[in-house]
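Common to both upcoming complexes is subunit A, partnered first by subunit B, then by subunit C.
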Partner chain A sequence: MASEEESAVKEPLDLIRLSLDERIYVKLRSDRELRGKLHAYDQHLNMILGDVEEVITTVEIDDETYEEILRSTKRTIPFLFVRGDGVILVSPPLRTA
Partner chain B sequence: MGLSFYIYERSKLGGVIGGGLQLFFSYFKDLVGREVTVELKNDLAIRGTLHSVDQYLNIKLENTRVVDQDKYPHMLSVRNCFIRGSVVRYVQLPPEAVDIELLHDATRREARGG
Partner chain C sequence: MSGGGEKGSMTTKTPADFLKSIKGRPVVVKLNSGVDYRGILACLDGYMNIAMEQTEEYVNGQLKNKYGDAFIRGNNVLYISTSKRTLADGA
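Up next is the complex of A and B:
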């Protein structure tokens, strides 16, 4: 068990500190999502992630039916620096009880 | 010269240069000379040798080539470039230049300082 100071969440960034070395979910601008292991971050939410899976979601309109078709493109990157100004939200790993 | 050296330098100079924390500035300085791929917010991806970086994470690349040359033929003749930090979306890092333990330590130190 970590000391109280280490584990307490007093400000929002503490939640991210506790996610160090854990797989997190990051939602980015321009319909991008990342899942990867958090290795470093700073107060701008610049980050270095490892074993990253990026999903880009694009909407296409069917020419005839005008239906919206969601298409997601996946790729993996071993190590990625992410600039913080594109970050919309960061979610810590889901803890399974 | 490692990351820890630059963090030491930062703590020494922190007050003078506005007290900014600069984990990633230090990290990228250690990366100088390595091949990286910089992805911009307009989806252009440029691969090249990292020549230098500054506190805004502006980046200068040498021996550059655009990853998707068919899509960006007008970039064919660009061999060196300066990239404004604010237009960067990602930098793909060479795995051999990522010391996970060092990054964790530096991040915890940065979190305490901030």
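Up next is the complex of A and C:
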């Protein structure tokens, strides 16, 4: 058959494989987002990320106006193991073409 | 015994056949959380993990984010639907 390049995306996990050693964006359950360098992953989407920025978004209700106030808390983590079952979406970041 | 040589693309017989037939099409993927992802279905696997291109994230019907490429973990998927939306490509 035609070229079986390693860049071919034949199954969804290939997208993750091509992001190894790149900075990726990960959307997690409970309104958490991570940006970090992907060092390793497996079929469960367990991942090892380096130089991670975690953003946690919480909603607060203003006592008087009952307005919803979105507040995001940031922290940085040098090395992080992410358990796959919390993952919703993975994307190579800011490659908006 | 569904491996027959049926040709018509509209006569999909199983859910898996349907999924195979919509690769490369514009789709809407709804997650259990209610969030919608609209984009081009690049590929998917038996876990219903999904790779999409030109993905737009809609929360409560509002566009919240765009991703050039996106991987969606299959356990979050509620449904996959084809959409008529033509993206910014040649009409």
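Methods note: the second predicted complex is superposed on the first by the 90 of 97 C-alpha atoms of A that agree within 3 Å, B and C clash if a C-alpha of one lies under 4 Å from a C-alpha of the other, contacts with A are read in each partner's own complex, and residues count from 1 in each chain.
The criterion applied here is as follows: contacts are C-beta pairs under 8 Å (C-beta built on N, C-alpha and C of every residue); 3 or more make two chains touch, one makes a residue touch a chain.
Computed from a prediction, not measured in an experiment: that's the story for all the values here.
In the superposition on chain A, A:13 makes contact with both subunit B and subunit C. In the superposed model, A:63 lies in contact with neither subunit B nor subunit C. In the superposition on chain A, contact of A:85 is made with both subunit B and subunit C. Look at A:45: by the touch rule set out above, it reaches subunit C but stays clear of subunit B. Within the superposed three-chain model, A:77 lies in touch with subunit B and out of touch with subunit C [touch as defined at top]. When the two complexes are overlaid on their common chain A, residue A:21 makes contact with subunit B while staying clear of subunit C. Put simply, subunit A uses residues 13, 85 to touch subunit B in one complex and subunit C in the other. Listed in rising order, the residues of subunit A touching subunit C in the complex are 9-16, 25, 45, 84-85, 87-92, 95-97.
In the complex of the two chains, the subunit C residues touching subunit A come out as 31, 33, 37, 42-45, 49-51, 55, 66-73, 75-76. Considering their complex, residues 13, 17, 20-21, 28, 30, 39-43, 46, 48, 50, 77-83, 85-86 of subunit A touch subunit B. Within the complex formed with subunit A, the subunit B residues making contact are 21, 23-24, 27, 41, 57, 85-86, 88-95, 98, 100, 103-104, 106-108, 110-111, 114.
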